[in-house]
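For reference, chains read A, B, C and D in written order, and residue numbers begin at 1 within each chain.
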Amino acid sequence: MIVHLKPTIGQQQAEYLAAQTQSIVLLQEGGPVVLITPSALKTLPAVLEPHTEAFFSMDSDIQLASNQYVGERIVKVGNVLLGKDQGNTLMIGGPCSVESWEQISASAQLMVSLGITTLRAGCYKPRTSPYSFQGLGYEGLLMLAKIREEYGLHIITEVKDSSHVHEVIALADIVQIGAKAMYDHSILRACGKSNKPVLLKRGFGSNLQEFVQAAEFILSGGNAQVMLCERGIRTFEQKTRFTLDLCGVAYLREYTNLPIVLDPSHAMGYRYGVSSLARACVAMGVEGLLVETHPNPQVAMSDASQQLNHPQFTEMFHSLKPIAAAVGRTLV
Amino acid sequence: MIVHLKPTIGQQQAEYLAAQTQSIVLLQEGGPVVLITPSALKTLPAVLEPHTEAFFSMDSDIQLASNQYVGERIVKVGNVLLGKDQGNTLMIGGPCSVESWEQISASAQLMVSLGITTLRAGCYKPRTSPYSFQGLGYEGLLMLAKIREEYGLHIITEVKDSSHVHEVIALADIVQIGAKAMYDHSILRACGKSNKPVLLKRGFGSNLQEFVQAAEFILSGGNAQVMLCERGIRTFEQKTRFTLDLCGVAYLREYTNLPIVLDPSHAMGYRYGVSSLARACVAMGVEGLLVETHPNPQVAMSDASQQLNHPQFTEMFHSLKPIAAAVGRTLV
Amino acid sequence: MIVHLKPTIGQQQAEYLAAQTQSIVLLQEGGPVVLITPSALKTLPAVLEPHTEAFFSMDSDIQLASNQYVGERIVKVGNVLLGKDQGNTLMIGGPCSVESWEQISASAQLMVSLGITTLRAGCYKPRTSPYSFQGLGYEGLLMLAKIREEYGLHIITEVKDSSHVHEVIALADIVQIGAKAMYDHSILRACGKSNKPVLLKRGFGSNLQEFVQAAEFILSGGNAQVMLCERGIRTFEQKTRFTLDLCGVAYLREYTNLPIVLDPSHAMGYRYGVSSLARACVAMGVEGLLVETHPNPQVAMSDASQQLNHPQFTEMFHSLKPIAAAVGRTLV
Amino acid sequence: MIVHLKPTIGQQQAEYLAAQTQSIVLLQEGGPVVLITPSALKTLPAVLEPHTEAFFSMDSDIQLASNQYVGERIVKVGNVLLGKDQGNTLMIGGPCSVESWEQISASAQLMVSLGITTLRAGCYKPRTSPYSFQGLGYEGLLMLAKIREEYGLHIITEVKDSSHVHEVIALADIVQIGAKAMYDHSILRACGKSNKPVLLKRGFGSNLQEFVQAAEFILSGGNAQVMLCERGIRTFEQKTRFTLDLCGVAYLREYTNLPIVLDPSHAMGYRYGVSSLARACVAMGVEGLLVETHPNPQVAMSDASQQLNHPQFTEMFHSLKPIAAAVGRTLV
């Protein structure tokens, strides 16, 4: 249950009421003070009654992200508004990992040449083996900061565990929470306290309920700028790396209020399918698309098999525009 | 291994050579006599050498369906050619089940009014419970035959087990093999001996290798008119009925030569997501799309939750055209 | 809803009442005439009231198999009673396929030497590729009949599609419905009309509800001798062939009344794990265990990697006895 | 590749050689200095040749955990040795969460009364919803430390993210890494540097390769005391909470050298199936069993449906002993 307290209730009294009702206090600039109880509570507790302006009884612990509560949440990246009724689809491109200044600046130049404003690249890599390339870490982050300065691009990069969450929040324009970190409360809570847009990737073994509940950790911490990123789930089918769950995307669109971004590269795992999947993603009418591209995929230090080369990326990008138009959207 | 025998080899000698090499004989009108051995065989057996014109060593038992063997197979529905380079995407609409003459003729009228030429409807329903509606059976088939006569539509209907496979082959224009029947050798072999186009649905627990191998049963029986239909696989995510596997579609396109048809209705299981998924399907650049629609879904005797009503279907249909155009296809 | 009609109601009147209530009539020798309606019906229809002796409203279409209706169903194999309170665990051994008289009689001799009374072997093989060994078919069935005569063993063999279901019912002591045929209504209905015990294997992509509903097709056809066989489901984990679902076995035991048989061979797919899994299966306290063994697994024409050789089978078999004893059961 | 350097090589030179070969240095007390390269490297680099005593080329990045390298690793809990040839199966019991002093001391008393030496209970709970009980945190840890003092029990408790990993390492006898934290490099590395036994739970969406690779992060950090805990994977079957993967356990036993612990409680999710699954687990011949029990499950603040009450736990525990004996093991 989401409870809007009366404007006369201050933070201290809100905390007191929260403690009495096993609730969380949500403080929002310019908005009402809100208590959130477990959704199992269906009737307003007597202790809250005199202090309540409005309340919303919810079906499940998808509460702040539910479109029963708010129809559309808007995330702002630079001047671009992302939200289901805003008509924009954000194109995000770039390599899996920052590998060198030459590599990442070549990627940045491609984005600039195509009019794409957001560059992705990972510094802290959540590799499953300790014996493979683990990313450049903080050194990579500094390169990305310099890229932003030189090329005027927005930077999105991943946090993989909480040891470096504050560095990423400080330096990125969009903080990406990786699929393997989706349940990490330390990361989720740190992002909840920041004011940076967050791209939350779905864990490949996580169902939609858990996925949106992870977003609730951020939202209930006070940061409303959360985007949900579907990037493929793990299924019995293993000719492809993962299975992109577009049925799940339809569900998220129907029941939640958060912008949706799709990542066909990780879902597919192989270059050959990425472009046609990217077209399908745009046809779904979502707010963002994230596609990996590398100046020379053959020598990439991670995800070599799935990154498009620059000509492939360019061709794919141009093919997306008429599809975006067909669903009433502009690729930005 | 696929072995093209010399033109001088007759059927009898082919059978003799097949018996000596654990092969299957494929007789094709106008084509070479072909032997197919298990793909594990990598070198041409000495006994075949003098009689062989050409041979093709294959990676797996995806052999006749492999685009290493033939780049594109074409299925003909009426005057329409379906194949990856033919530029056509066949729209197939209609209800889950034939329920009554009124219902099925209303469906037929909708198709005619939209210029759609192919009507789907089930007569033999593969229900999981013995206590629910099992379909009208042969009576339904006769209604469909009459619909064809009155409305000039092509009819696609499902065979669920081999007890009625011959009736369906006799009466349908396209024989649909249901997902639960994908492994049924009796059905596959009967279809292999017929000359009707076959729409083979992927079992929801079947991987891509098994799916195409099921098609090999039909192809190796002598019927080259097989379409592969992805209709959702079963995964841990159960907010939606199944998970539409578009990554798998990219794989099928890359490695096989068969036309591909997509069924977003069964994958989604809920009306609300079908239209956006249908747009994604068309954006994948496939040869066909199958969407369920019912004059009055609320009273449908099966799949009530996923069938579009006629206005929804109409709106969806019109939204598909610019997307088809964007990927170089015409919706037929 | 299961409705017991009054003893005065004859078959004809029962059929009339069934037609009025969309029910199925279950005729049982020596038992009441029973109507079964869809489980969605929760209150007794007025038309049935005067003719009803007792009725059972059910949660789902697991009705005749539910232990809310009958606590324990007993299957009789020879003189052995199989049921959850009967204390017997039936050992079933033998090769994947009948390959030759020598091979199958060697298998039979092993069973006899160990005091095992039931031999398994397949004649109609549901292979996923048309280019691999498809089984000896009817010839194999005749060999099995001869084995029964010579060795006094009970024979269990598989029906894979309905083209040979009557032959198998005629010749086998236990009819095995294969995992890929679990949804085949023709097979299920034919078994429902027979009086042979049926071992129904779970489809590897089928959930527990569907599995038991498939049994309902047989039970509602009039054959109460059905055993449920868990043989592994398909999951994302593919280091092993399938994933044996013992949690599901606990569920079946809690909610259904049917004997349960486990098949660790197909679940594992590799010889090395079969024995320890077989011990775990017996520790679950089930009614049967089915393990593949071959006189010379290296040359087996199907399932070569998972069949135990005879010494391995013998060692495994002896290791099961104290575990059976520990859970209050006798291995028969 | 695992490379044993000559005894004359000091740490500094090892680091130098590691840098030249993209290797990790493993320092072990009393053992050789070891370099570990990615397993893709199959031939010894020339630079290492003069300094190498022995090397082991491995199939995959399962290297230190592979039984091709070392046959059996032994973990010591108190005086008990756990390893596949040690004959001990460690019983671990206790509630899901520490809730209060009364609750946790009642649990401790039960363990003591049964002769069980290891108590489990969580303090930092990885809940999927921010609106449910999150655990007592550090306060709970202090209670567990006091329990150890008063009752002489070994304590196992979970770390869910890296913000509290050092507190847990300091206070626990066995550090449990939760399923949702399996990929968390900060936790894995911190455990690698400690000398506490670690129980690593398999992520429910993680395959066996990834699971053992997570253990490699700990092993390659210098801590050889790692136990693998299978606790159920996520599959399409959802009548039970997860699916316990005993086929996977057979795989781990065949290919790795680490002790294995099983957790039937989380796999099943329902009280009714836990005892029979626990018996199956012991019959697998593993090194440990972890079962949740609560003095009053109905009021438990987490996992209420799956915890046994004390009489149920007691009954289950006694039923395990003859099964352990049957597989040559002692329950400790």
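We adopt the following convention: a residue touches a chain if its C-beta (ideal position, glycine included) is under 8 Å from a C-beta of that chain, and two chains touch if they have at least 3 such contacts.
What you see is a predicted model; the values in this text were computed from it and never measured.
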| item | value |
| --- | --- |
| Same-residue or different-residue interface between chain A and chain B, half as cut-off | same |
| Furthest chain, CA centroid comparison against chain A | C |
| Centroid spacing, where centroids are CA-atom means, of chain A and chain B in whole angstrom | 37 |
| Separation of mean Cα positions, chain C and chain A [Å, integer] | 48 |
| For chain A, residues contacting two or more additional chains | 205, 207, 209, 234-236, 238 |
| Parts of chain C lying in touch with chain D, wherever the complex brings them together | 205, 207-209, 232-233, 235-251, 253-254, 267-268, 270, 272-273, 276-277, 279-285, 319, 322-323, 325-327 |
| Chain A contact footprint on chain C (complex, rising order) | 234-236, 238 |
| Chain C contact footprint on chain B (complex, rising order) | 23-24, 36-39, 61, 63, 126, 128-132, 160-163, 180-181, 183-187, 203-207, 209-210, 213-214, 216-217, 220, 234 |
